[in-house]
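Got a structure for you, written out below as structure tokens; questions coming shortly.
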């Protein structure tokens, strides 16, 4: 019997992907299916939901985020995507979190309000990145405005310094944010500054979720107290990552590390090709059989040989029996 | 009689702000007036047009750009702003360039098409900056799509590396762009890499405009062959910069330098306070008497003492008789 | 009884600071004592050795590194410092690793050879940072040259991207380095890219040490298989970090996390003051009672009130009975 | 007859490379000749001096700087190089400026003192870049210490942000520096922030030299009042740049621009190959016939085909009759 103390969640909770009090486990950042002409292809979303549940064992999704190219779509398109996911996930998934961050506050509020109407289970908001907020207070004011448009939904701050270039510490943004935004429910921390993440964990409330968003370093964040993870790799490595969560929860760090290092091997290989959302999207089509289509400009379609090479590496590292 | 050869434009052209074949001289990047509640305050735009012409001697404007917080508004708001400027500038201004860049290609095309309908004289497009184009070709494909929605309007590429974080060379983006985008008419170069700017100049076509967008370094760009400038400082230093253009066109580099250094002194002072669009907007209200209101989040209003200190410095450097 | 598998080292090994086959546990990066006039004050080194052993429980040191301001001293000064540490640590410490990295290859070889003559137990080498090596191969060639001057000593690569600005992955530098440098014995990884660190661990040989050098994130690296740590905080938090190592080795992640978060709280506080080697050095003088003197230019002495404030926070977070 | 006012220097002065009151015109940053085994090859320096005077028309040199790989040599080697240049340039060159910047203050002082003894005409000092000075005052204190070791020599601050990563404004470092360092005689400004350069010019004393160090943007700096230039390209484009200086001094900006753009074309071509000091050094050997040898590690020798391709482009852009 293990004496390991993971602190925030019990082994059983950690291995589970079902929501109890607060959201835990794996949350898959979904791609947005497009037709070959680059228009929304909503018909793929239903099968996509079933695939995630059946093939990957994930029951929580994060839509219209970075992986979903949310920033590249119009407000109207984002609404249609969010609505379809909520519709198809109903009674199947545990949680649909809709990302509503934009450069324009009005647009974000519009999307937040829409998320309520379509039955989302929460909203996520990234910092605007053209005008970068100068202080944590400026960003908190912005986030508060967005949250006010969805007063009944759990609110998650989406911290993504590499894309936004925003240098504010997540811990400065989040500390005591529940007093400003009553629905504040946690952070999707997609950075690599684990001291900042550690401070987020330490000063969080018990009902807040600490999701880590850098899949290839998840084990480190688990050691620091992460509740779960939001990431794109769970689209095709969901069951693998569930094993990692279980190994960690059981105190088997050797196994957790082995599982984590396999993921790193895949990404180290893929990064030689310039692994971005476009490559990732094509790889997912190749691996899942779902037809996700091309990315939208300014992303450019991945050359078939690139995704094929990465897919081959995937199959080598993660053979069927694995 | 001066023997100075400035190359691209004659002294008379340079001093003029009227359009001849291609756009030259000063183009003011306008602020967007808001009410104290943060909503559009279109009623200020009419007086704003008159002020620019009468007090600053500028007859070309660039609306919904960085200075105008275009990225912070919804598509609908941007349309209303563009429409009002076009309406009020009619028969008064020479050119209204509408910036239509967005993160979403669909939104940009929508705005480009709208610019045609409201009688704009050109459109400007910045690179999307959340997903950064990886190659000049990717960006060119994006720009081409936007331009196709306004096939009758001159098209300007807006190069702004400090805000967008896009590392592509403007010269790589622009070289031969007229073969891809028939309406390609020039670049608003708001970077400090003068080698890149030099290459833009050298490989430009005669009917293309090379606008420099870093006001405090304009003299350097003039030496490299800039046709004119797009900037925010012309809101309250338009007549001063017109003198600089004239001094340069007359071959009086000593005077041009003296005028340029005064601008640098003002900015060096202002930068100690963190000079951003918010401070700049309040400063313009203070100096012009126009009521431009606050910026929109995530920008936060400038403390009154900050703009007052900068305004005082302005009056000291640029006394009325100057 | 714990079933935790830490993989590379057993709990007993991890808690131990003694060398077995390869170096494990805590390695303190020492400060270099100066007189108030800024000259070497070698007389402090003897008491410093005793203090580290008795008060902090550390038996391994890394001298003339970043903490020791090695780069700021002349070759002659560095030799005198290295010699004194080796002399005073003899029969008391387990390992004295001498950092011999310089901008000049000749100087590094000179220092490497000297390290042999004074009885050091290993050498560490950082990448030159003025001319940054463009490829891992270029850096490996450089390191090989340095190592050849100390063919009898274990060789450690010191990876410090934040100071050097060198963007090469440590895993690309280290993979198979034992075939190029027979004495290659491990890496001091002072970066925050844990995917890179994970790849270092995965592709390391059993006799190589994986030291982590970002003290405030050590727990994350332990989860990834770090053998130990090289850091400056062990100067006054050595016994605290030894508790952290023991907690981790015993599978008590809750306790390990609690101990790690205390360190983060101290650094979060200190970073508001601009925590650098100068502040750290004065803090060490304040906490240890050793007279380490000022830093050398271009570092400037820490204001007494700064180190006093940090020292007060230290005593608050780590009360004597802790 | 031109009415151009260049302000700081008359056309005659600008075209001249001879020193009058303060140093003006072109200063060539020299490479350091090595044998094929990588040791100093001092015998090449005599012919190098004659080549620069006869073939390139330059009479001022800057030795042991970035181009000269000063940072990669030991103090002893740097002394031998400086001595040889001073010896061979005597009665031939107008000025030999010896760069004495190091990471170690003691080494810099040692080199500064040595420069006096070998008859140098000035010293240049770059900021230390491992420990980056946090404030202009810290850097000024450092520079003061170095200058004090060569109290009879003109002192130049060498501003090179891209290599050092030091973000301090040169204008903040230099303003009033003559009150701290009586020998302060100017700046070698090798950055691209022309606002900062403009402030250096405006607040400089009449006896101080404002050298620009980004050769491909020199015309811009001349417009801002630069006295001259320190650069590596003058090794093989000295006579070309002298024509540029003359064209500028005569008020012929069209010609100056044409000459500047040719240089940019060469560098744009070369930069596709990763133009660094190693490539530059081999190119100089190819073009001059001098045998400069390889660079020292961590720079790696330039592949022959690379320098050959750049040399071919050079001959195409600058045909013999040009």
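Miscellaneous remarks
Labels A, B, C and D are assigned to the chains in the order they are written; within every chain, residues are numbered from 1.
The rule is simple: a contact is a pair of C-beta atoms (placed from the backbone, for glycine too) under 8 Å apart; a residue touches a chain by one contact, two chains touch by 3 or more.
These figures come from a predicted structure and were not determined experimentally.
Common neighbours of subunit C and subunit D (chains touching each): not present. Between the CA-based centres of subunit B and subunit D the separation comes to 36 Å, rounded to the whole angstrom.
Centre-to-centre spacing of subunit B and subunit C amounts to 51 Å, using the average Cα coordinate of each chain.
Under the contact definition stated at the top, not a single residue of subunit A touches 2 or more other chains.
All chain pairs in contact, by the document's touch criterion: A-B, A-C, B-D, C-D.
Those residues of subunit B whose C-beta lies close enough to touch subunit D in the complex are 1-7, 171, 192-195, 198-199, 201-202, 216-217, 219-225, 251-257, 260-261, 264-265, 267-268. Considering their complex, residues 66, 69, 71-75, 77, 102-107, 110, 127-135, 137-139, 141-142, 145, 163-165, 274, 276-277, 296-300 of subunit C touch subunit D.
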